[in-house]
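For reference, the structures are reproduced in the following blocks.
In the two complexes below, chain A is the common chain; its partner is chain B in one and chain C in the other.
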Partner chain A sequence: MSFDWAAFFEYLPRLIKAAGVTLQVSLLSLGLTCLLAPLLAMGRLLGPPPLRATVQAFIEVIRGLPPLVVIAFCYFALPKIGVVLSGFWCGVLALGVVGAVYAAEIIRSAIESLGKGQLEAALALGFARWRAVLDILLPQALRRILPPLTNEFANLIKASSLLSVISVHEISQVGQSLIFETFVVIEILVQMAVLYLIIIGGVSFLSRRLEKGLAE
Partner chain B sequence: MTLLQARGLVKRFGTFVALDGVDLDLQRGERLVICGPSGSGKSTLIRCINRLEQPDSGAITIEGLPSTNLQALRRRVGMVFQQFNLFPNLTARENVAVAPRKLLGLSRTEADARAETLLERVQLAGHADKLPSGLSGGQQQRVAIARALAMEPVLMLFDEPTSALDPEMIREVLDVMVELGQGGMSMIVVTHEMGFARRAADRIGFMDQGRIVAMAPPQEFFDAPPHPRLVRFLDNILGH
Partner chain C sequence: MDPVFMAEVLVRLLPPLGLTILLSVTALAIATPLGLALGAWRAELPDRHPAARLIDAWVFFVRGTPILIQIFAVYFILPKLGLQPPLFVMGVGALVGNSAGYQIEIGRAAVQSVPKGQWEAALALGFDRRASLRQFILPQAARRMVGPVMNELSQLIKASSVLSVITLFELHKAAEAISSANLRFSEVIVVEGFLYFVFIFGISLIAKAVERRLSAAGGLADAGSFAR
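Here is the complex of A and B:
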């Protein structure tokens, strides 16, 4: 078997376009994750008991489901309650929410792992609970939050391949249909792999830079 | 003048009664030492005073006022922990300055100046830029004292401030505390350092099974212990 460079370059533009979609979905859902995760974590840590319980239940449910089910739910069930989103935005919403519950748990456990003494020291000085968490505990927890969060971001990008089931024209969907159309398998798989690696590598690189910046 | 008045404090953990109706009065400027066997409720008592624990019943007033606002109460009551609990990501200066800056609205310059003054007062003038990990246990505990003083409390609580320290560092922390008391600070100190108690306390209380069973000035406390269990406790701790 030989590698067919002609086929490789013939299909490359279509996959690069698909990579653009993957990148867009990923960045938008990362944005949503970054917006939602701190809110969920703070709700869970600081909210009044009913809010805490609700947030915890929400986190448990989403974490208990395969991301594919969450995606399908957004796509097929939300329209029944009048929320009609395109496949693209549905994907952003589903991945953003899934990312957010995992990220919220990362934030919460990093803060809790600091131990009771830190919280009590801040409370004893007169910090209200929420200010103790935001002003004293969160800055300490940041260095424990960022590495697993970077990991979570990579998982999110990989999970964007699931959006092929709701016909979002991202890398996996386009790659698959090309393979079925053309029977050019290896060349297209290699392209898919390389494009994912570039995107994931780029995001990991950026968040590692951020980690370093914050460590100083 | 009475600074602190506690009446009928009860604290249960499940069915276990950790505080069993404690009454306590502290005059302004008074230095009270509390000792007693492990599990007798010493920590629980002082943690109820700044409400790190919520008593199940009983009343506490400070300067005649009941503490309706938790944060306001805690700003007036400083606390020093056995394990120091310094913020590890902040330098000594920042540890001391953070609360005045964030809670009292001091500018960075003002808060830093306050921190420098307090660090000098606990003999740590040259160490302001060090992180807690770069300080010895005794130094860390003195930073923790300065941090509590930074909110200008009317009362300082100490929960076994020297029991996590190597013997050679105990003295430097106790010296700072003696000086603080001589400067007129009202203090409640849970400790088993009987030398400190003799030197610095106005009164010494002995707790047993959730009650204060004896309370006397040092001389009487050591020379004519007013409770049989205290006699045994002193024998043990003083190694007679």
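Here is the complex of A and C:
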């Protein structure tokens, strides 16, 4: 088993291009996560009881499913009700929703960890409940939310590898088809692993910087 | 939605669900002692120790790459080395490598979260480091490991669905096969999702109850993450 550098450099450009798709799909689903998660968290914390129960049930159901099943659902079951998306956008939707559910739990537990006193003080000062949450609790919770949220971004990148099953041309799909095409196994596997390590390592480096910055 | 068909699918998916559970439980049974012991050991090693570097490299690789890549690595590299174990063994192997990597961190964090004063007290009482670790630190650390390790079982059940890519007929692969054979995707996915949900949600309820009883303070239990 020797390492073939010529093959390594021959296939590298195709995988780097695929890494671009991995980044794109992860960033777009992060965007969707950031849009949906606060809504879910607020719905669960502030909504009227029926809304609260619905949001909680939705969160529990998604958390109880492997991401692969959510992806398959978006790809195979949504067209049945008239929502037809390309593999790429289907991936963005599935990962964005899964990410949002976990991020909503992060937001909720951060707000709840502030303690009752904060909310009571705000209410006693005459703030409306929703203003108290948005203006008093959320800014304080933000410091506790950001570090785990960047961690969720690393998870989104890892989960984007699952989109290979709905033929999105990201790192895992391209690498897998190259392996079957060329039978060059080790070199391509190493490339895939290194590309993920660089992207995810970069994200967790930034997250540590952010955490340090917030602690000051 | 055809309830008769769905009932049929439910029955046909029960054996694959059994395989999913067998895979996850076997992997957990191997990975937990391995990972926690390595993690507790790592907590005590200096960073420059060769064993510490090896453990760190393992954790770095496992946490920095998707589980799909780790499964491919097992699936493609073992045959290159002349080994051709059955798919089940490969699947369990990939899950063990992955889960142990995460559990090393659980074990290490639990040991390091025991307050320093406990060490100092044990040493002051004349126990050597080994005895202090075994009799004072580990029992306290163990309580903090219970929640995260139970969480690990549901992570493994979710992660085992990815083994479908190496045609291991666990729950997800079986559901995929049934749905494409019958061209009825939504009904099969709903049944499949129901089975996963019941199991994973059930485990999380048990985990919460156990944790409440142990009331393991220390905040090590996290919301869990969705991707491996």
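Everything that follows uses one rule, which is that the second predicted complex is superposed on the first by the 201 of 216 C-alpha atoms of A that agree within 3 Å, B and C clash if a C-alpha of one lies under 4 Å from a C-alpha of the other, contacts with A are read in each partner's own complex, and residues count from 1 in each chain.
By our rule, a contact is a pair of C-beta atoms (placed from the backbone, for glycine too) under 8 Å apart; a residue touches a chain by one contact, two chains touch by 3 or more.
Since the model is a prediction, treat every value here as computed from it, not as a measurement.
Enquirer: Go through the superposed model and pick first if A:E120 touches only chain B, second if only chain C, both, or neither.
Expert: In the superposition, A:E120 contacts chain B only.
Enquirer: According to the contact criterion defined above, which of chain B and chain C contacts more residues of chain A?
Expert: In the superposed model, C touches more residues of chain A.
Enquirer: Does the superposition put A:L32 against chain B (first), chain C (second), both, or neither?
Expert: After superposing on A, A:L32 lies clear of both chain B and chain C.
Enquirer: Looking at the overlay, what does A:I111 touch: chain B (first), chain C (second), both, or neither?
Expert: In the superposition, A:I111 touches no partner, neither chain B nor chain C.
Enquirer: Check whether A:L162 is in contact with chain B, with chain C, with both or with neither, and answer first, second, both or neither.
Expert: second
Enquirer: What is the contact status of A:M42 with respect to chain B (first) and chain C (second): first, second, both, or neither?
Expert: Touch status of A:M42: no partner.
Enquirer: Please work out whether A:I136 is in contact with chain B alone, chain C alone, both, or neither, and reply first, second, both or neither.
Expert: Only chain B is touched by A:I136; chain C is not.
Enquirer: Which partner chains sit in contact with A:A128 here, chain B, chain C, both or neither? Use first/second/both/neither.
Expert: So A:A128 only meets chain B here.
Enquirer: Using the touch definition from the top, say if A:L15 reaches chain B (first), chain C (second), both or neither.
Expert: It touches nothing on chain B or chain C.
Enquirer: Applying the document's contact rule, which stretches of chain A touch chain C when the two form their complex?
Expert: Going through chain A, the ones touching chain C are 1, 60-61, 63-69, 72-73, 76-77, 80, 98-99, 101-102, 105-106, 109, 148, 151-152, 155-162, 164-165, 172, 175-176, 179, 185-186, 189, 192-193, 196-197, 200-201, 204.
Enquirer: What residues of chain C sit close enough to touch chain A in their complex?
Expert: Those in contact with chain A are residues 60-61, 63-69, 72-73, 76-77, 80-81, 157-159, 161-162, 164-165, 172, 176, 179, 185-186, 189-190, 192-193, 196-201, 204, 222-228.
Enquirer: Spell out the residues on chain A that touch chain B in their complex, using ranges where they run on.
Expert: 117-118, 120-128, 131, 135-136, 139-140
Enquirer: Would you mind writing out the residues of chain B in touch with chain A in their complex?
Expert: Touching chain A from chain B are residues 50, 52, 70-72, 74-75, 77-79, 81, 83, 85-89, 98-99, 102-103, 144, 147-148, 151.
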